[in-house]
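In what follows, chain A forms one complex with chain B and a second complex with chain C.
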Partner chain A sequence: MSETPKLSVSTEHNDPAVIMCPAGRIDGNTVSILEGALQEQYDAGNNILVFDFEELNYISSAGLRVLLLTARRSQQSGGKVIFCGLAENISQIFQISGFNDILNVKSSRAEALADL
Partner chain B sequence: MDNSPVRVLVVDDEEDLELLVRQKFRRRIRRGELEFLFAHNGKEALEQLLENPDVRLVLSDINMPVMDGLTLLNQLSEVDQDIQAVIVSAYGDMDNIRIAMNRGAFDFLTKPIDFNDLEITIEKALRHIHEMQTALEARDNLVAIRQELDVARQVQMSVRPKELPENRICEVNAEIIPAKEIGGDLYDYFYIDEFHLGLVIADVSGKGVPAALFTLLTRALLRAATKNHSSPAECLNLVNDLLSEDNETCIFVTLFFGSLDITNGVMSYSNAGHNLPRVLRVDSSVVEVPSTNNLVLGVLKGHQYSNDQIQLDPGDTLILYTDGISEAENSLEEEFGEARLDEKLTGLAGMRADIVLQDVIDSVREFAGDAPQSDDITCLVARMHDPVKSP
Partner chain C sequence: MNEFPISLVPDLSSLGVLEQSVADFISTHDLDTEVQFRLNLMLDELITNSINYSLKAVANPELQLLLSLEGEFLVARIEDNGAAFNPFEEVPQPDTTARLEDRQVGGLGVFFAKQLADDCIYERKNERNQITLRCNIGGKTHVGNT
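Our next item is the complex of A and B:
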């Protein structure tokens, strides 16, 4: 596929957390981009992550799996993962799948940072 | 790759080339890296090649009796397309060299042969041959992997349930339209016992062989779990605990499991994070089958699933589907969406299950147009018919 990747992941540092801002779509074709960005954070020893989904349009089950892995991995190493800024369609996916109940989801970035 | 020597055929009517090669490459011959065969004209060379099909490189003079080197070149590709040739020609014989190159020679040498030149040219040709071989092996491996994927898909497709025997309460039709890459969708229907019909739809996260394996596992576990006639939620508790155990990969399954009582049309169900099924009532209204607010399967061991129930009346139609339908995209990247699905269903009230199924799938395909299908499209339709006559 010659199309440009439909996902970019920018990061901001906000001690002690790293804020991950994926923009676009997380699906089977782009999920490796997210995995790459996450691996960088693990390699740098950052396990306190805030996912700001403000710019995220879509997430498939392949993407959700990586979020689960990330949350589990951070927890196991004494870190923390918080999600915020979910658009309605993504919020709905979180609700239907039950992820709302097992992941830490806040409505805004400010709330997420306050919970660190 | 094996370690047998690379075989090179040297073709010359005079002895010089043979002597030079035997002398200069003697170490590599001794080490078993190279093996040389010799012929004295094109015809002999072709005979040698037929006897020794593993020859990879031909080093040939041009002027020879019986059959010259250029004629030999023409015939080489008929013997073996992958065979490479290096032509030896008189210094300054540009015409013949050009013809040889046009006929597919890999390179050329000029007489009198400079040994360094010979060695470098042969090395270069052997490297090229090696690269070609590696590329061919890689291609063969890819083909093999593709074939395995096809087998995985066939296995997945072959475990679909047989047609439901005629029964007193409903007709069931279902379909998977697989995406290009093997996916993780699943539907199933089966009699749990004499009075209960199990209806299942599920979607495993991700794609490829891991998803397909998880799909087969889920189907088998659920069918096994129903053997002790427990409620849908109890079945899901068991399946979830088994799937969650040591699930390092975090592959998960969204799954809807309904148990339809064929004596009264009451469907008990539990929904593990799957899209909400629809009920199309006789009056053309469409209602969601309410969520049981449960987590996907395979993530959290010990999660307690809950039951709910819904009444299906004669003429009602139950529609189970995966996000391959709701998230099907057209070329403008718009989603088909639940609203379009509901609107489509409204017009299908009272129709046969197979017609509803086909219409839903057709309208998704029509909507998607030329846009590539990225996910399995799966739908199960159960239509209730006349009320049960008391036995």
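Our next item is the complex of A and C:
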């Protein structure tokens, strides 16, 4: 059974960072699309990433797992990962997961870019 | 009329069907979008568990979801014919205070269900796993359509 993917990931370059903009839903079925987009950045040597979640309306633990691994990987390689634009529901999930304490979360893209 | 039985294909493509089913249920009963997000997340996580663990080695996997309203409670039941698996006891609770370097990546999904539902019940009945979630949505619904 095939259906239109419910996630697309666009990227924007804003030196020294790459801004990742996932639109739609990140769940166990779509997370591989995010992983593919991240792999492209790693292959290109980009480890300073800003995730702008403005267009993201859902994320499950399958997606959170990838975010956690991405943040850890960047930290270990001297890079940086910042998250911004979280909708209230997603912000609540970050809170419950304790992610607000271990990840760099800003309210807006401007704030995220100012923190690079 | 306020019960929604849904048969799901037991692979991860069913998460899209789940999303639509939850959206239909929410709109039929005029419920809040916050309830929709919460319900979707809990069911997504538990159904993903069923598919990845209970139903993994089953020849004719069956997966069903039943959504209903009982007074002020939204009740969701997930049933599968897989190996006995109680996620509420068998999945270790994540340490949500561990540092980034030490943080384990598993167990969050079941933890969400425990955090977001008022009751999480596991039963093994007729060789089937039956998970029941009850959420008090009093104040998050308009007039009930019973």
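Going forward, the second predicted complex is superposed on the first by the 116 of 116 C-alpha atoms of A that agree within 3 Å, B and C clash if a C-alpha of one lies under 4 Å from a C-alpha of the other, contacts with A are read in each partner's own complex, and residues count from 1 in each chain.
The definition used in the following text is that a residue touches a chain if its C-beta (ideal position, glycine included) is under 8 Å from a C-beta of that chain, and two chains touch if they have at least 3 such contacts.
Please read these numbers as outputs of a predicted model, since none were measured by experiment.
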Joint occupancy of chain A by chain B and chain C, clash or fit: clash
First, second, both or neither for A:38, with chain B first and chain C second: neither
Partner chain in contact with A:112 - chain B first, chain C second, else both or neither: neither
Which of chain B and chain C A:103 touches, first, second, both or neither: second
Contacts of A:75 with chain B and chain C, given as first, second, both or neither: second
Chain B or chain C, by number of chain A residues touched: C
When the two complexes are fitted on chain A, the stretch of chain B hitting chain C, from 22-30, 76-84 or 148-156: 148-156
Chain C-contacting residues of chain A that also contact chain B: 27-29, 60-62, 64-65, 68-69, 72, 96-98, 101-102
Complex interface listing, chain C residues touching chain A: 9, 12-13, 15-16, 19, 34, 37-38, 40-41, 44-45, 48, 94, 96-101, 103, 105-106, 108-109, 111-112, 115-116
Complex contact set, residues of chain B against chain A: 181, 203-207, 249-252, 254, 272-276, 291, 293-296, 299-300, 323, 327, 374-375
Of chain A, residues touching chain B in the complex: 27-29, 60-62, 64-66, 68-69, 72, 96-99, 101-102
Of chain A, residues touching chain C in the complex: 1, 3, 6, 25, 27-29, 58, 60-62, 64-65, 68-69, 71-72, 75, 89, 93, 96-98, 101-103
